[in-house]
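Alright, structures below, take your time with them.
Presented sequentially are two complexes of subunit A, the first with subunit B as partner and the second with subunit C.
Let's look at the complex of A and B:
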């Protein structure tokens, strides 16, 4: 039987995101929300150095649910399938993967369900504590029937005179699944009053994160850390919150603290590695990725990163072998596309534009939605003076990834060059919205404004 | 940085008192249409504002007393200027209000219409008049008329009227109609300037000596004097003038390029200041008790800047974009600043009597960017070790790299050829049919929307006779039309083609759908796009 790690992060569904009734302020004060347009102010590396996700948040070093796409601005973005995620957003987090678990268990039992829940006398089982706990776990995890699980938990906690912290935590879990965050918060807090548990702190932090109160979540985790000093899962949770709030320096500090406790924590190693890579220290990033390799992680992504680190740290003998290994380890077209994309960058770096062109084309052949490759290909076409092709490619790129500033800026430059000042201005404004501090965009806008003001 | 900004903000609040703010006063006006006057001779100054209303309707002359509206008079036309002046020597000395609108000046006395004054036409060239008189009596044909007018234009002392100038610009066949239309009307000369005036400033006395400064729509500023018929001085700017204020003997000009310029009376440029945002309006601040004269500049970034010469004295933050400014005595308070906003709001602020403006040079020393330290990470020991390794094994590393590079080139070329042969890429590389294809999937299932964006990237050749077909697992998906024709593709336009895909499995698995763009009569595709279908959520949830 497969257990889902309940305390781990889960992705918000479309329904929760668009019909959110828990958020208090439409426009939260800066630094107090996970969902604001983070493109405004960048603490860490600028998007010119470190690529960003759809929501304008720097890419993380470790793919978790929710790190890929962030909160969508429009309904269209919400229902579009994000790149590198294999499913569109779940409708609600109550459906999706949990339901699929339920159906998967049903498929394995063609004779019908193991226990018929509708015939169960829940109040009878609630009186025998040991059986009730097992039954609850079966209903909650295997059958995924939150309503019955809640009923059983309510009866059982009543039977235990509201003194058993375990049942309170289970009640909280049920409420959380049902989206009743305030009730869940009450149950978890009440459970904490009986018994300090790491899990309970984590659940509570998760509730606050879902209610978009990252600062409360952080203080909750701190409280947990006071009680359980240097607890790995709590440190990891704190680091994740910092990362989501764009505070990469403190996220890295927490990850480092975590590594002191558990030096095989893959997520921490990967995140610190990518952070070093994007802050211009590829040689250190290389060390971290090598550590991952030593630990037995052996996949396409890792070799991809190793190859890039070698390239930027000038260890030329290792670059292409790493990428070759990555290509041979790639499991699907998307991974192949990423390898070719990075090889394209290497080719640009060594000045072989012909090879770069082929690499970017191969990226597109393997992954048709690779917006960055479209953009780079357009730049190469622009160099060949193929204006129409470049324009079409840039338009495609901008349509695929409206959060990237590069296609908008390149389109603005191209339009400016051929004298179409109006489109240049429009595109430059979009680029400015995606990356307000981009100096070249500002200069172009300034130039265009002067043009327009001139008689 | 932030603390100093806070300091200056505190300084602002200690200089200005917020007297009144009404965001819904419904007052839409410009700086030239506001005047402060003691209308009843009782020492209580009122504000007279020509409200432009909402477009061509509801134009009103409004009078405010204190914080409330005292009276309203309807105006016939859009007001362009409002001024209060003393008409007579009678006691009590109550000023009349003049409102300029269209070619008329309406004078109100005791807030009642008193008389209307029509701007007189300027004298016209006698030769020109004679020529037109002849045309009126059909003595000359349009061609001769044109020749004669041309001759007058070249020599004459008094410039031609607008009508003659327009006539000279016309094509031959249009001349006749023009002459027939206009020959009956009396001739007028209205413009003595080379261009349409936009802003005016007058000082001096009419009988003795005066100066009129005119900013025109062609971006030039002309300075006229009493005894000259033509502009005495001319300032040529490269941009439109949006505001002009005279401070003592200098002229301060705001242009549409976010620049404030100072000129002397003779048209010599004295200084230039670059502003942070476009200028909305400008007005003069004159504090008589301290004999301070400065310029108020309303900016688009919700700020009002106060400049004395090129020095920024004070910054006032406003809740909305300010469209008009007026400073002077209002009510019984000497130094009142009246602002109206874009949303029709009215803001009244009072300058504290203790307020003291300090001249600060706006650009002292090097720019602030110079002192910001860049966050450059230190080179680590690891890096040094690696460079050592690089130095020692340079030859070997280079050889390995070159060999790998050759192999990479070969494998890339092979993969590329393979992709080309099968037309796997979504960008076609043939010169005959330059196309790009991009597919997107929307939805959560079981019915997905497939959007194919097809674009012809050739310069001027439309694409015709193209077909689209799909390749998919029939057990998993159902596509309604799985094969259809593409319309003619005009170069440069994006053609979104939409179709629906039904997922007919409930096992929670997904597959790839391939899209081919084909040319009629050929089996090899021009383009291929692979769509990774998402897992259908709808079926399992429902």
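Let's look at the complex of A and C:
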């Protein structure tokens, strides 16, 4: 039987995110919410250096549920599949993720189900603690019947005179599954009063993250770290929260702390590596990625990153072999497209614009939604003075990825150059929304406003 | 309300008894609320202004010229030029004798990038009022976009004769520069400077023109002036820093760049200059780091690639230098020094054959200046 790790992050579905009523403030103060809009200050590298995801959060070094798109502001944004994620988001987590856990129950046994839940006298079983625990796990994980599980847990905790922390944690898990976060919080807290457990701290942190209270979650994890110093899972959770709040410098610190305890933690190595790469230290990033390779991670993405690091660290002999390996390891078209996209950058770097053009074309052949490739193709067309093609490509790119500032800004510049100030203004405003601190956008907007204000 | 009705009933018979002479109907004046609209507009209270205009247009069935005019201005400020153009056209129909309305129509056309149509409308406006410098200036700008430089200059000069102002001189200076007439440009800018001696934009532009002509003393004077008025002027800092750098004042230049880097962190030329400052101070690793950031920000800039090649040559990393230099050459042909550096890199990589052809290429591009240097290097390494 596969035991599902309940603690690990689960992805919020569209319904949870857009119809969420658990967060306290709709317009949270800056730095207190995971749901921030794109309009905020960036800690660490700016979006001009480090690419961003749909929600305006810098790309992370490790794909895990929730890192790709964050919390969308609108329904439209929620439905759109982020390019770098492989699957669309589940409609709700109740149907999307947990239905798989219940599939075992859907197989019809010839002699009827193993345990017929509806005919079970739960109060009888609640009186024998050992059996009850096993029965609870069966109902919760195998049958995926949260309501009955909750009933059993409630009876059992009553039977244990509310003194058994284990039952309280299980109650909390049931409440969490049902979306009753406040009740879950109470149960977990009361469980912590009886017994300090790493699990319980992690569950509590998860509850707070769902209620969009990252700072409370952080303080909870800190408490946990006081009781269990240097606990790896807690450190990892803290780092993730920092990363989601765009605080990459502290996230990296926690990841480093984590690596001191567990020097084979893939997520930490990958995140630190990507952070070094985007802060002008490709040589150090290369060492982290090489460590991953030594540990036996052997996939397309890793070789892709190795190739890029080699290029920016001028290890010219390794670039093409890395990318070749990446191409041969690619499992689907999206990965092939990413490799060709990066090869395009290498081609730009050695000044071979024809090769770059072909690389970006190949990217689009493999993945037709690759907004960055459209943008870069447009730039190449602009260099050849093909204004119309460039305009069309930029428009496609902007429609595919409204969260990127580059296509908007390029479009604004292009329109400004040919004198179409209205389009330029509209595009520049979009660029400003995506990246408020971009100086060149500000300068362009200022110039356009002067034009408009002049009578 | 009820009281009014009660009171009205007994008065009715009296009016019947004494029929007065009918007064002329008290027609509201169309313009009576223009002052209020204007007040809201100049206070930038656009929401209130729009509400008022809506009311006014409903009351007058859309024939109040001023209300339409201000509405169009607000729409233009919001960036909705097409709608604004339609409203200005309505204004021009309501009052066809006003050159202002025509000017606004033309301006909207100009903002939409329809320069030829704009020129026609401006000409029409000029027929109504031929003493207006704005019309002449805008005609000049339109001709500039239509690449008709001589006509543009003519109109701008006319505008300057009618009214001396900074705007036309700036454009005129730009045209002079486009034609390669730096002397004329300098004269024009100097004239403009007399009108507005504290304009940082003018001062920096003038400084840059002097810098390009090699008149360092004067360039420094004007750039320094610009920086005293606005110490965080990005262009001025960059130019001034560049001059300090060429005199070897690396620390001063770096302190200037620090100011600019905080306000414009994503500027490739700035990082390039910072990198070259470090290079001058013999801090090669820092130089490479800065230059690489510059390259990351603008991958098509051959100057950054050139500098990277240079730094790597002095770091004795000839293979890297070769890659940067060859990239620079494929982005920008026809610079003799690039070929020369490439040849040096190739010589160190012991590829004499290609080094030789690279030297030859360099020599064929630049006959006089580097000839001496070239031949010396050539002989030194081949013998």
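Just so it is clear, the second predicted complex is superposed on the first by the 440 of 455 C-alpha atoms of A that agree within 3 Å, B and C clash if a C-alpha of one lies under 4 Å from a C-alpha of the other, contacts with A are read in each partner's own complex, and residues count from 1 in each chain.
Methods note: a residue touches a chain if its C-beta (ideal position, glycine included) is under 8 Å from a C-beta of that chain, and two chains touch if they have at least 3 such contacts.
Everything numeric in this text was worked out from a predicted model, so none of it was measured.
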Look at where subunit B and subunit C land on subunit A after superposing the complexes, then choose clash or fit.
-> clash
Touching A:319 in the superposition: subunit B (first), subunit C (second), both, neither?
-> first
State whether A:396 touches subunit B only (first), subunit C only (second), both chains, or neither.
-> first
Return first, second, both or neither, reflecting whether A:31 touches subunit B, subunit C, both chains, or no partner chain.
-> neither
Which partner, subunit B or subunit C, touches more subunit A residues | B
Counting only touches as set out at the top, which of subunit B and subunit C does A:280 meet: first, second, both, neither?
-> both
Applying the touch criterion given at the start, work out whether A:361 contacts subunit B, subunit C, both or neither, answering first, second, both or neither.
-> first
Classify the contacts of A:426 with the two partner chains as first (subunit B alone), second (subunit C alone), both, or neither.
-> second
Show which residues of subunit A both subunit B and subunit C reach, each in its own complex.
-> 280, 314, 316, 350, 352, 449, 453-455
Which positions of subunit C touch subunit A when the two form their complex?
-> 73, 76-77, 79-82, 104, 107, 110-113, 115, 145, 263-267, 289, 292-293, 295-297, 299-300, 305, 317, 319-320, 323, 326-331
Which bits of subunit B are touching subunit A when the two form their complex?
-> 218-219, 238-240, 255-257, 376-377, 380, 382-383, 386-387, 389-390, 393, 396-398, 400-401, 404-405, 407-409, 411-413, 415-416, 419, 424-427, 429, 434, 436-445, 453, 455, 457-459, 491-492, 494, 506-508, 510, 528-532, 534-535, 537-538, 540-541
Okay, in this complex, where on subunit A does subunit C touch?
-> 46, 48-49, 280, 312, 314, 316, 345, 348-353, 383, 415, 418-422, 425-426, 429, 438-440, 448-449, 451-455
Which part of subunit A faces subunit B closely enough to touch in the complex?
-> 14, 76, 79-81, 86-92, 95-96, 99-100, 103-104, 107, 279-281, 283-284, 287, 313-317, 319-321, 323-324, 333-334, 343, 350, 352, 355, 358-359, 361-362, 364-369, 377, 388-389, 391-393, 395-396, 399-400, 449-450, 453-455
